[in-house]
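Each chain gets a letter, A, B, C and D, in the order it is written, and its residues are counted from 1.
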Amino acid sequence: MREIEYRDALNEAFDEELARDENVVLMGEEVAQYNGAYKVTRGLWDKWGDKRVVDTPISEAGFIGMGIGASMLGIRPVMELMFWSFHSVAFDQLVNNAACCRYMSGGLINVPIVMRGPANGGTNVGATHSHTPEGLFAAFPGLKVCSPATPADAKGMMKTAIRDNDPVYVMENTTLYGNKGDVPDPADGDFLIPLGKADIKREGSDVSLIAHGASILRCLEAAEILASEHNIDAEVVDLRSIRPLDQDAIIKSVKKTNRAVLVDESKPFCGVSAQIATLIQEYAFDYLDAPVKRVCTIDAPAIYSPHVEPDQLPNAKRIVAQVLTIA
Amino acid sequence: MREIEYRDALNEAFDEELARDENVVLMGEEVAQYNGAYKVTRGLWDKWGDKRVVDTPISEAGFIGMGIGASMLGIRPVMELMFWSFHSVAFDQLVNNAACCRYMSGGLINVPIVMRGPANGGTNVGATHSHTPEGLFAAFPGLKVCSPATPADAKGMMKTAIRDNDPVYVMENTTLYGNKGDVPDPADGDFLIPLGKADIKREGSDVSLIAHGASILRCLEAAEILASEHNIDAEVVDLRSIRPLDQDAIIKSVKKTNRAVLVDESKPFCGVSAQIATLIQEYAFDYLDAPVKRVCTIDAPAIYSPHVEPDQLPNAKRIVAQVLTIA
Amino acid sequence: MRGLFLSDLGQNAAAALVLRPLAEAAMSAPEKSFVMETANSPNHSPLNFAGSPINKTLSAEEKLETFRQMVRIRRFEQAALKNYQKDGTMGGFLHLYIGQESVAVGAASLMGDHDHMITAYRCHAHALAVGMNMNECMAELYGKATGCSKGKGGSMHFFAPDKNFWGGHGIVAGQTPLGLGLGYGLKYRGLEGCALCFLGDGAINQGAFHESLNIAALFGIPVVYVIENNGYSMGTSQKRSSAYKDCLAQRSEAYDMDWDVVNGEDFYEVRAKTHIAMERARKEHKPTILEVMTYRYYGHSVADANHKKYRSPEEIADYKKNHDPINLWRSKLIEEGVLTEESSKTIDTEAKLEATASTKFAEESPAPTIEDITNDVYWETDNNTEASQIGRHFFND
Amino acid sequence: MRGLFLSDLGQNAAAALVLRPLAEAAMSAPEKSFVMETANSPNHSPLNFAGSPINKTLSAEEKLETFRQMVRIRRFEQAALKNYQKDGTMGGFLHLYIGQESVAVGAASLMGDHDHMITAYRCHAHALAVGMNMNECMAELYGKATGCSKGKGGSMHFFAPDKNFWGGHGIVAGQTPLGLGLGYGLKYRGLEGCALCFLGDGAINQGAFHESLNIAALFGIPVVYVIENNGYSMGTSQKRSSAYKDCLAQRSEAYDMDWDVVNGEDFYEVRAKTHIAMERARKEHKPTILEVMTYRYYGHSVADANHKKYRSPEEIADYKKNHDPINLWRSKLIEEGVLTEESSKTIDTEAKLEATASTKFAEESPAPTIEDITNDVYWETDNNTEASQIGRHFFND
């Protein structure tokens, strides 16, 4: 298999879907002529031109709403938020028009849009630019949310998202864009990963580390330390998709290990991890040997300081420490 | 004690705080000359005039941001969202500027605003007008959120919110505005209820029903049915304030009853109830005789139909049924 | 200012006469000369738009049909109001359009296969005007499974994609980027058509509308924004909600966009000017703002008990008596010999009967069930696709 | 269009000459006659604003001080850039203001006790211009506890409420309603002052800005919106992001609001026109949009590797050579005999030394601790009030 970067895996997904379906159109700020603020759409404007790859003004509510309206006529806009953090200026379009039009019309309207962009901390860009709104959007029925951790997942889930007939919000990660990983060659056929399917990124028997996005990499680091220094064999469950959610995989893993630590870059209050903890205590109540524990971003707006931000986020050290409280 | 309506209790709170502090200013759509869409600000413009009670255009981002800016200079705006649902068009101001300015300035700036208005379903106004964003906002450190269920709580917490030096988001309820209840006479002194203090609205020993806002009334109904028909003695814990949260009261009640059913008008995914369930399983793990169960709004956008909406929301029937699964 | 409007088309309309260069420049040659003539007619007496080409093409039957639509809309809403007040079975809001009928009907009468319409919560008229039937609309108000939105949308959320009608939207101005998107979709697909996006005079101060205007002008999107200026947003008069120079439509100049002001009580004028804007969109991919001066007789919604406080009873009475678009259209059609007093009565009686029948239909229709609550959330789960089988989509305990 | 600007002040500036009636009407008598004269000067040669009353009042020492400020800002940012590229210790973004210095310094030089300033993420210059010192600013870039925001805000979030400076804001146009609020607060308290709210040419297309403009005009808020038009929002030129007629400032006409276009390379013009707008705000409670034509030499941020692709190297070189605001101000001051080559060098050397010292200060300062993360979230918990003792405020496991 080829090793390619996460950003290139996404780029390939766009390129293939642009070729497959003439209704697919990429839009967002600087996605065309500038090649994307993070170069995720590199080369696509050159190749596909003005109609298929569109630069927008800094008007998130305007262009996202426009994409939603166009999607009702069968266009499939794949819209970039330069940072997912900028959801705040387009929230109405994202949670009302995208999530509710189908419902309010009694199913007469479809909104096959994809919203995408990076949603992560860790790059010292401060409180307004470091939101991780997976749980925030997954809370709205009508929306789907996923968060790929590897290049292969990024490509496979992005392609699935574009073909999905409901709004799918894909949360990428600036700290992952440069990561390399195996991605099947397009010559070997269409590569799709379904939404709603978790992936066991590491098998283990003593404790389940459940996470998504970049936190998966922190879990894998922590699992190595737990294995080598504490003789604890951790399983790492990558949710990949937040909604739909692979509850079966979560419960199965916890029933095996009897212990769970949830790792989640959201803030702790009502974060994704709160939802997962609630499900585990409900569906694996009799299997739990200890409370479900969480490692979240420390509960404050994102700090700028590069000296401290790494400690505000979930990291291997904090995960190991939390595992040891229940191991 | 006097019995007055929830809306009049709020009105009294505004009137007293307008009198106490000349920096307090009420603003919002139709709050002045129209007396408020729900008559909560009735008579205040007549009494206090254009400077203290201000009608705004339909520009939530604009006037809320304006209030935040003014609050940095020491003004204390008490701003109405005609429905809390309209948060979606002002989200950036609500979660970035209000919640993060203090932090990003290293504590140099205070944002002593109050945001208020009704946040509830149950009046057949459909998906876009029935959001219940308590958990959504409590998720942002820097914000405080409360949700009074009775006239006394409404008055006491509103007055506290106005005096608080941080942003406080008060979630009222159109279905409660007309409810009457005892509220201390102003002649007997300043009546304040602190944020962060739960209230046991009914003592019981068999199961803890934990809720806030209008769901408290549903819990009290359910408790009566549980007592009379099932011989189950339910305790009803009114959180009142979502952040700060009276975790001690929650844990104390569960340690006594060993069972908890959380009643929450939010949607189930990442709702307030998910956060409470997470805390209970962590802090009362060894005391739980059964999983924590939840009664939330059925997981779909709010349905319009008056024939069905009452069943989409938590109600006594659904609460009783859920209690019986673990009793 | 509203007072002025009563007597001589008002400041906004006067402004339109003076400040219309962009609109004129964009007109096709015959339309242009037509308007130029009338605009020069002495002392600003009401213009006669009957001679506008798009109105000249109207057959007698077509004229009757527009009249019938306006009457049906009014009778439907009067029935809805009665039903609403009868008992508590109808829920939520009820925003009546009564007094504004010429606007939706005038615009809808111009729509071809590739023209689309979208509006706010005051949407009954637009729904009926595009051809939705009273039964599905009344049943929706009743929250019945036979309603156009299966009882899920209610009064504010009527939809008929098969009739190019995209709602019915409750968040003020939230529909304005969607309207832009409809135009974008048309242009993307190479179809010659336009999007008609309605909003209120209070809605123009929402950020989403302004973002839409900039994109519409910048990208050349075939969209016509129609401000239905009924003078008030809830209890707030135009003057108390908006800063502007001569009129609201003129805000389009900030984006180098065309605009016009329309006297909504004149059905011919609504059609003539809307047609010009639609053609500009269809043929030149250029957006327009139209500001239609109109009036609602009832309160903001049925819950608006104040509406006789923020507007004088005289003002309301004057509109009903002297500016009612249905009355004026009826007079015009009678004058033209297209309609008689008698046929007018027949149309009215039929409309009343139809409304009564729709009430019966609604009352007798089944309500949605609890199971229905979680339908129509996801296309995938509704259609039971393979994708919908993977993972948990709903989180009810 | 940018090309035109290079040779003859450009379309926007030309528009300003023609379309300035509102601005003129609001001027005090002497200012007005002054501008009228120069506006009539032949073939649009650059106007001479040195004679404007507000500039005539400037003492030699004050002129030197503004020059010193501009030099300090440039040297600070050059040092910051070097430090940023030195190793990875400085994080996040770094948006340099180099090339635009006249704008922030010109405006700040006009601020009295009751005038307030707020801007976007490109905020270093505004911070230094209002009197913040290099140490606290450089330490903030380093994420140190001695930084102006204790290392919590970073490059985009400098604040100094004690100097009437309210940030430093990262969400495009998110600061524009806050600026409105500062003006509102002043008016509410009966203070004669104004809010200066800066934003970029790309930011004007955000909804929050338009909502702010309507409210500003409607309520009569003493706020001056200063669009720092550097021609680009990231890699997007003005033409590709905004629809407009003659210039961006003209969007204010939609709200019946005053506007003007300012040649940002002329320090006297910046002061003269900003002063007029500030006086209009202070004395008449009327808002203004000013559009200042300026240019950034570096990329959008240090991460912008493309900035020589979307702008030609010739364009950049021409700005540096012929339109540098510091060079032009220096020449003018030398011409006036206020500055000598020598004293100019001294000022520059001092500024460099100050920047070097601030680097040392920043490097040697302590970083915040993990415990600091949860400080500065709530006033109540920071101050350990009674209220903060009740209930759980933070939810770390």
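As a working rule, contacts are C-beta pairs under 8 Å (C-beta built on N, C-alpha and C of every residue); 3 or more make two chains touch, one makes a residue touch a chain.
Just so it is clear, the structure is predicted and the values come from calculations on it, not from any experiment.
Student: Name the chain whose C-alpha centroid is farthest from the C-alpha centroid of chain C.
Tutor: Farthest from chain C by mean C-alpha position: D.
Student: Per the centroid of Cα atoms for each chain, what is the distance between chain A and chain C, given in Å?
Tutor: Measuring from centre to centre gives 40 Å for this pair.
Student: Report the inter-centroid distance (CA atoms only) between chain A and chain B in whole Å.
Tutor: 31
Student: Counting only Cα atoms for the centres, state how far chain C is from chain D in Å.
Tutor: 44
Student: Among all residues of chain D, which ones touch two or more of the remaining chains?
Tutor: Touching at least two other chains: 149, 151-153, 157, 169, 171, 174, 205-208, 211, 214, 218, 240-242, 374, 377, 394-395, 397.
Student: Identify all positions of chain B at which a residue touches two or more other chains, and write them in rising order.
Tutor: Counting only residues that touch two or more other chains, chain B contributes 57, 59, 61-62, 88-89, 92, 96, 103-104, 126-128, 141-142, 243, 267, 269, 275, 282, 293-294, 299-301, 303-304.
Student: Name the shape of the chain contact graph, picking from line, ring, star, complete and other.
Tutor: If you draw each chain as a dot and join those that touch, every dot ends up joined to every other.
Student: For chain D, which residues count as touching chain B in their complex?
Tutor: 116, 118, 147-153, 157, 159-161, 166-169, 171, 174, 176-186, 188-189, 195, 207-208, 211-212, 214-215, 218, 374-380, 382-383, 387, 390-395, 397
Student: In the complex formed with chain C, which residues of chain B make contact?
Tutor: Against chain C, the touching part of chain B is residues 29-30, 33-35, 37, 55, 57-59, 61-62, 85-86, 88-89, 123-129, 267-269, 293-296, 298-301, 303-309, 311-312, 322.
Student: For the complex, which residues does chain B have touching chain A?
Tutor: Per the stated touch rule, the residues are 87-89, 91-92, 95-96, 99-100, 103-104, 126-128, 135-136, 138-142, 243, 266-267, 269-275, 277-278, 281-283, 285, 288, 290-294, 299-301, 303-304.
Student: Which residues of chain D touch chain C in their complex?
Tutor: Chain D reaches chain C through residues 205-211, 213-214, 216-218, 240-245, 250-251, 253-257.
Student: Write out the stretch or stretches of chain B touching chain D in their complex.
Tutor: 25, 51, 56-57, 59-75, 92-93, 96-97, 101-110, 112, 141-142, 144, 160, 164-166, 194-197, 241, 243-247, 275, 282
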